[in-house]
Each structure stands twice: as structure tokens, then as C-alpha cells.
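Going in written order, the chains are labelled A, B and C, and every chain counts its residues from 1.
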Amino acid sequence: MLEELAINSKIIMGNMEYGSDLLLELNNICQTKEIFAGKIEGIGAVKCATIGFYDQEKKEYIWNKIHRPMEVLSLKGNISIKDNKPFVHAHIVLGDHNSQVYGGHLGEDTQVFAFEYIIVPLQGDAFVRGFDKKTGLFLWK
Amino acid sequence: MLEELAINSKIIMGNMEYGSDLLLELNNICQTKEIFAGKIEGIGAVKCATIGFYDQEKKEYIWNKIHRPMEVLSLKGNISIKDNKPFVHAHIVLGDHNSQVYGGHLGEDTQVFAFEYIIVPLQGDAFVRGFDKKTGLFLWK
Amino acid sequence: MLEELAINSKIIMGNMEYGSDLLLELNNICQTKEIFAGKIEGIGAVKCATIGFYDQEKKEYIWNKIHRPMEVLSLKGNISIKDNKPFVHAHIVLGDHNSQVYGGHLGEDTQVFAFEYIIVPLQGDAFVRGFDKKTGLFLWK
């Protein structure tokens, strides 16, 4: 499934406040700015992180909690609609003091040390997430 | 070498069918949509992956096959022309159940569990890949 | 802090010369092209790399030097103004022959083997970096 959308003239660039919950704040920005389709990217650093791996057989997320500071080497996400609201789906790549790398599906309770993001809103029929039986995920319908 | 291109008003956003070959399907979309220049990004999950590392001395790819499910933490690629057709060059970052991370040059036989992508087509003189003696790679001429 | 910028009609796509210093050359392109706001992305390979981790307690960077060839799985960066000049802040994810992954804040003396980048310039009031006491970093004011 694929859709053609138009690029919006407005791009949002910003840095997040120290101590913010990274995922909640990205959702908050999209809801406040009424962005129903688009992409999100960013780099920065976090004080701790919660990252998930989807067990494709059991059809459930396994969550890992990292209790130490990490660089955010890549945050990559998209914006679509779930429960009639803008919904951010993002994956994150983190690096430690030894340049070792960890990553997964971004979960709540990932605390920002510093984070610089760029959101590209898209115009057109935004995707809506609905339950997909085959994968057990909420995918674009 | 550097070129100025224009952003296309149309952005393509989509999710890939379960079981697709990730690289072949990205090439397929670009060929079907006649996208000769642009960038590709995505996140998702795969059932297995084939990733390459280019040996800069021997000038050949070493391929590693990962035979287990992984999250796609980042797919980042570009579109140019090779053999008169749209050609996708992409690198991928993958994460497992322990949040351990693997990655390389995306090869064929990387099977999609779920994958959400955004393609930004660019307008202008698209780059054409040709053999580069120094590196042994097909680079933009 | 957040700002709305407009997308520029011109996107810059290019490949970097063999042996370039990746960070210096990205800064050089932005300074030559007078790009004061925007984002940078790329994939490729390097002959060696210098990557940093910011120690959030000591408020100083720890630098790791990787003395062997690596694939660039993801370079993600932004452009803003520091000392009245365009300034690139970028994070990099690297992969080796075993598909093991390393990464951090991109430093100087990261030598290009081949590198393909896309720069999206943005128009509007560009962010200016200034010292932030809480983090010890130069953040957008």
C-alpha cells in the first residue's frame, strides 16, 4: 500500500527541553501542530532510554531499559493517525562511551538530555493505523 | 561532485507487503513510479537480512546473512540511474531482542515483516552510476 | 524551542572525493553554498573515523578513534549558525566486516572512501548556537 502526498511548505525544526520524555514530546508537538502525516528525524543525547523489540512469533514487544546516558545517533520516525490523533512511530539508534551501539522501537520514559529534531509535515490523505492480524501490529490500512 | 536538484511536490509514503524482498521491492517501486533521483528512508522489521561490507583493499563485498527477526532501526538510501534504470543504494541498521545492533549495505533476500517507507523524488539531472577505478565501486559520474 | 522554516526548492546531492575529511568537507559545502539552516544525510564508507560521546556529568567529549575501514550506515546532521558561520552537527553510525556497529558524534579526521550525501537547505530564521549552562553544550537559542 502506497500513497502520494505533497510536501508542506513548512518544516519544523527545534530542540527539546532538558528532561522531556522524548516520545511523549514528539507526539505532543504533532498533536499541538495538528500534523497527521509526515516524517521526523533527530539527533542528540538521552539520560536513559526505553527501547522495544517486537517478537514476531509471540506478537508482543520485549522492552529493554537502558539506565545510563547515550548519544542519539539516529531517530527516524513517521506520523500517521491512530485513535483519531497524530501518532508517532519511531525507531532509535543509541551509542555509549565506547561507541557501542544499541537500538530499537522508541518507548516512553526515554529522557532527553539534548535533542535536535526536524519534522517534515506532509499534506494529503494521512494514513490511519488499524490492527493487522498477520503481524499483530497496527499498520497503515 | 555535486548537483542541485529540485524537490518534487509528490512524496511517496507506504508500507510494504509482508514477505516482500526489501531491496527488490524498493527498486520495483522506483522503476514503476519512474523515480530516477531521490532519497528513501524507512523503519520496520524483517524476518531475515542480507547485509554487505565492502572490503576496500580487495574491492569486493563480504556478505553476512542474519537468519532471525530484527527491527529495522534505520534504512537510508538514495536513487540514481544504473544500466538506464532507477537504482536504489541503501544502508540498513538492524536491532535484535537484546537491543544489539547490526548493519551494512542492504542486499537482496532481506525479507519484510513490516516496513514503512518515505520516498522523496527529486527533479533535475539525475546522477548516473559508472565504474570508479580508485574504489572499485559504481559511483556517480 | 521550535521554529517553522520553509523548504528550499533546491536540494543538494553529491558524492565526496576520496580522502576528504568528512566533517570538514560537509562544513565546507555549507559555507560555500551559504546554507545556514537545513539537514544533511548520507551513506558511504570511510577509511577511519573519529567519533565522540558527550560525558553528561563531566560535560566534555570522550573521543574514540577507529583505525580501520567501516561502512557509513547512517550520517544524520543539521545545519545552523555558530560563530556567524554555517555549522554542521552530525551523528554517524558505522558498520564493520562482521556487521558489528559503532557510532557517535562525528569528529574531524574521519576519512572518506566514498560518500553520497543529500542536503536539504531550509529558509527562514536560522538557529544560532550559544552556550547552554545546564548541558555544557552549544545549543540553539
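Everything that follows uses one rule, which is that a contact is a pair of C-beta atoms (placed from the backbone, for glycine too) under 8 Å apart; a residue touches a chain by one contact, two chains touch by 3 or more.
These numbers were taken from a predicted model, which means no experiment stands behind them.
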Legend entry - Angular offset of chain A relative to chain C [C-alpha, multiple of 5 degrees]: 120
Inset, instruction - Compare the two sides of the chain B and chain C interface and say whether they are made mostly of the same residue numbers, over half shared, or of different ones. - result: different
Legend entry - Whole-Å gap between the CA centroids of chain B and chain C: 21
Legend entry - For chain B, residues contacting two or more additional chains: 7, 74, 93, 101
Inset, instruction - Mind listing the chain A positions that touch chain B in their complex? - result: 1-7, 37, 39, 51, 53-57, 62, 64, 66, 74, 76-78, 89-93, 101-105, 122, 127, 132, 134-135, 137, 139-140
Legend entry - Partner chain B, residues of chain C touching it in the complex: 7-15, 18, 29, 41-43, 45, 47, 69, 71-74, 93, 95-101, 113-114, 116, 118, 120
